[in-house]
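Some structures are shown below for you to check.
Shared chain: chain A. Partners: chain B in the first complex, chain C in the second.
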Partner chain A sequence: MNDNLAKMREAAKRALESGDVGYVIGWGATKFPDKTSPLFMRKPEDAERLVWNEYAIPGIAKYLLDDLYPDKPIGVFVRGCDSRAINRMMKDNRIKRENLRLLGIPCDGKDDERCTICRNRNPLVYDELLWDEAPTPEPKDRYFRANAVEAMSADGRYAYWSEVFDQCIRCYACRNICPACNCKECYVDMTATGFQGKQHSRSDNLIFGVTRAFHVGDRCIECGECERVCPMGLPIMGQTQKILKDINELVGDYESGVDAESENYLGVFDLDDKDEFM
Partner chain B sequence: MSVKETNDPKIIAFCCNWCTYTGADLAGLNRSHYPENVHIVRVPCSGRVNPQFILRAFRNGCDGVMVCGCHPGDCHYSTGNYFTRRRFTLMKRLLEYNGIDPGRFHARWISGSEAGKFRDTAEEVTAMVRKLGPNTRYREYARREMSADE
Partner chain C sequence: MKIKKDKFKDALASIAKEAKVFLPMKGVYASEYRVWDGAGEPFFERNTALPPKELLFPRSERMYEYDLNAGTVTEAAPDEKIVIAGIRPCDVRSVEHLDKVFLESEYTDVYYRARRENLTMIAYGCATPAPTCFCDSMDVVPTDAPGADVVMNDAGNSYVLTVNTPKGEHIRDLISSFLSEGKADDVPAVSCSLKVEKPDDLHKQLIARFDDPMWETLSDACLGCGCCSYICPTCYCFDIGRENRGKTGTAFRCWDSCMFSDYSRMAGGHNPRPTKKERLRNRYLHKLAYFPERYGTSLCVGCGRCIDKCPARLDITNVPDIIQGSESNG
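Let's look at the complex of A and B:
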């Protein structure tokens, strides 16, 4: 671990000293020993503040959207999930590859529930790889939340999601962190459209939950950031996992963000799609 | 428009301008009778229907929602209903997963000449929704009486 941290600090320092990059995004320490926060390194000496341990969990790719027209490329450390997030945003035409300097760091898996379903620990897109790739262990049940909810009755499912979304405070942290939720304007901010009110009610919260899931749905990269940032700790991956499960049942193996070229499920069609409507 | 407090179901049908709306028009020309519970909203194409329309309909007091369009291959805009098919296959499953009864949401292909099919579908859906009773899920009680300008 320490070896890898030294390599990361060295790489960040080298990139900043050469002037190839404007700044480098990584992980820094917080006052809590078991938490890290995103770190923006602008000077070579900042690289000493870099942290890489089992708590370096936060996704850092979404911060690229805060600087869409940088003077110099932005350096980013990319794990598997960050690289999929970057692929996702490049496919959505939100960031440009030439504005990025990707430092690939094969991840060793973190102590987090969402890392048990990880399918790509090694970065899928990078400029240089800091250390050797290691195979990703066999992931556990990819749809563990959706399967648990599907086992319930219809009334039970409604009761379950009501209980979940009654706790939702509609802070939209899940939207803000999600690499697939990258629209310039979001419908939840546009109250005049009437899709959903501002009030805190069960129906509006449920509708927010379903709509968020459907908007992300086929583009979800399964990083689980939405659950990590949720201040109420809600199991909202259950909604996106259900959509991905259905897509995988309908068209076979489907995964978003593995490259920046393949089309989104809902963005294309196939003449031979399953027709359940009469 | 206010939503009346009654047990009679209110059903919204999003009908594509080129096929289903014409089919409904033909049903009227043929003097065939379909339940007045079905309220038609004309859309340019079934691909115009946003899944949020369905959620909003339930929220504002509808008991059932239909999305109707041209048969695959017949779309006036060539490909619109293929996108509809993908979108609402997923949406129907997601609604079921969230506890909405599958009888409350229907998607159908009805062409401009199928006046009989439109009538039969309207009757079938109304009977199904009437049996299920008023929808309480996703319904916004505070806004049951909507203001006139909405």
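Let's look at the complex of A and C:
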């Protein structure tokens, strides 16, 4: 067992024994060596089932929305991406800091493509840090998908996105894993309104794609979870990357979820908005 | 009968003269049963990301069109001949299950029937089950598909063919110039690495444990997406809707998933399956308890797709494990 896993099990066990937390969320083993599954530990002995390896990939912060009014704080292990997800949901007024007990675990990068663009392996918000931080290696091109799409002609882009969304089966896994997709009720589920047609057609699929992109918009924390969970392997990060790229080029340095205070760029209404680029 | 692998595409071309041929193929993003364009390579290394149900039960299907000006209603009548070459034994079994629902229960679904009657299945006996495959625990033999019209098995540089039905005989006649003598006993047995032990009365035990706390822990990590149901070859729920344009319009049906909140939401807003616990329990029980109760066989065919693609790595084989575990613990 590696030292860090021992520290995690110890921390989870301690938290559960003290009764300070209701439960702790981490990662557990599956029947497959290359897959882990989010694990909910309720008893101190559950901590023995914790796993920490290159396959501890799934994002675990989104589960906090399942339990908005917990009797006791919820313990969560937080890597860099989980901490940004938590900042995001706090800034969006969906979860409260006092309901969280954050066990910070500087991440070593996982066996997943999205980790190659990670800009914050170290947690940005936590109550205790279980081991020393290490610098995040130079990330790959932050806008790799958006750049590829920008290089296409207008017709080429239409053909590209049509091909992508013709393949979308509208399972909404990308929405359900996304920490920025945190509306109390999603427009997709308001079936009586007819906002989102239930048919699987190019137009209904594109409507979902575009709406998801703009609703997430500037709040995307660039965690890449949407692409990881897509059963069809669709390159949908290209959409939010384009929005973030435009903000960074037109307005200035911007990253979502690095804290829980900074203002958004798109999700605000301001009478003095210069609207220069609209 | 045998066919040399280098003659396989020539044989497909003969079939393509009178039917639309679908092959398991890699796509730009995910593998699925795709229309064969006369050149594409089959993808036989593992089962496709998407199941074949799309070909019988499209994700979106026009049922009828109406025109109030003309006073007409035109019902869709799919009549295209389809041959799937290389459908997996688990997927063949899934079609047998869909038949039970759409053809053999008290109501016959006309759209499904039209497509089904026009479908010929050439199965490809599995040589390489994926780590998530467990069909041989669900009464499927990976190398055989009794429900298919023809079964083909890998035998080195050729495929061995076994004909099961009159539709299969027709395929044999179409490709006879490419066939030579050969026996099926050259086929090595294949075994899935993932094994599931389940008691014979699994469905009864599961229903008896409807209120068991196990559903809570099983569903802890579920995200409530529709991924598992949409990629499952035997999930067949649908919704019906209409698109009106003035005095004309279309009625359609499209896939639906019991994992979505609006699936069980009633007029007035009450939802008898309010959380993911009730929804996941329903999906698992439908596969492993309700369908067996009604039709005498498990609805899960062990294709492993939902295990492989679930974002949270939920695993349906944990359900029989829990029952089996509590059995052996007394």
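One rule holds in what follows: the second predicted complex is superposed on the first by the 263 of 278 C-alpha atoms of A that agree within 3 Å, B and C clash if a C-alpha of one lies under 4 Å from a C-alpha of the other, contacts with A are read in each partner's own complex, and residues count from 1 in each chain.
The rule is simple: a contact is a pair of C-beta atoms (placed from the backbone, for glycine too) under 8 Å apart; a residue touches a chain by one contact, two chains touch by 3 or more.
In this text the structure is predicted, and so the values were computed from the model without any measurement.
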| query | Who does A:Gly197 touch here: chain B (first), chain C (second), both, or neither? | reply | both
| said: Going by the contact rule set out at the top, does A:Asn99 touch chain B (first), chain C (second), both, or neither? | reply: neither
| request: Considering only the touch criterion stated at the top, classify A:Ile207 as touching first (chain B), second (chain C), both, or neither. | output: first
| message | Taking the superposition on A as described, I'd like to know which of chain B and chain C A:Asp273 touches: first, second, both or neither. | response | first
| task | Applying the touch criterion given at the start, work out whether A:Val164 contacts chain B, chain C, both or neither, answering first, second, both or neither. | result | second
| said: Let me test your reading of the model: by the given contact rule, A:Asp246 touches which partner, first (chain B), second (chain C), both or neither? | reply: first
| Taking the superposition as given, does A:Tyr172 touch the first partner, chain B, the second, chain C, both, or neither? | second
| message | In the overlaid three-chain picture, which partner chain does A:Thr136 touch, first (chain B) or second (chain C), both, or neither? | response | neither
| note | chain A residues contacting chain B in one complex and chain C in the other 197, 199, 201
| query | chain C touches which residues of chain A in the complex? | reply | 30-32, 35-40, 58, 62-63, 66, 163-164, 167, 169-173, 175-177, 189, 191, 197-201, 225, 228-229, 231-235
| task | Sort out for me which residues of chain B touch chain A in the complex. | result | 51-52, 55-56, 59, 72, 79, 82-83, 85-101, 107-109, 137-143, 150
| In the complex with chain B, residue positions of chain A that touch it | 146, 149-150, 154-159, 161, 187, 194-197, 199, 201, 203-204, 206-207, 210-211, 213-214, 217-218, 239, 242-243, 246-247, 250, 265-266, 269-271, 273-278
| remark: Residue positions on chain C within touch of chain A in the complex are 27-30, 49-50, 59-60, 131-132, 194, 217, 220-221, 223-227, 230-231, 239, 241, 243, 252, 254-257, 260-262, 276, 307, 309, 311-315, 317
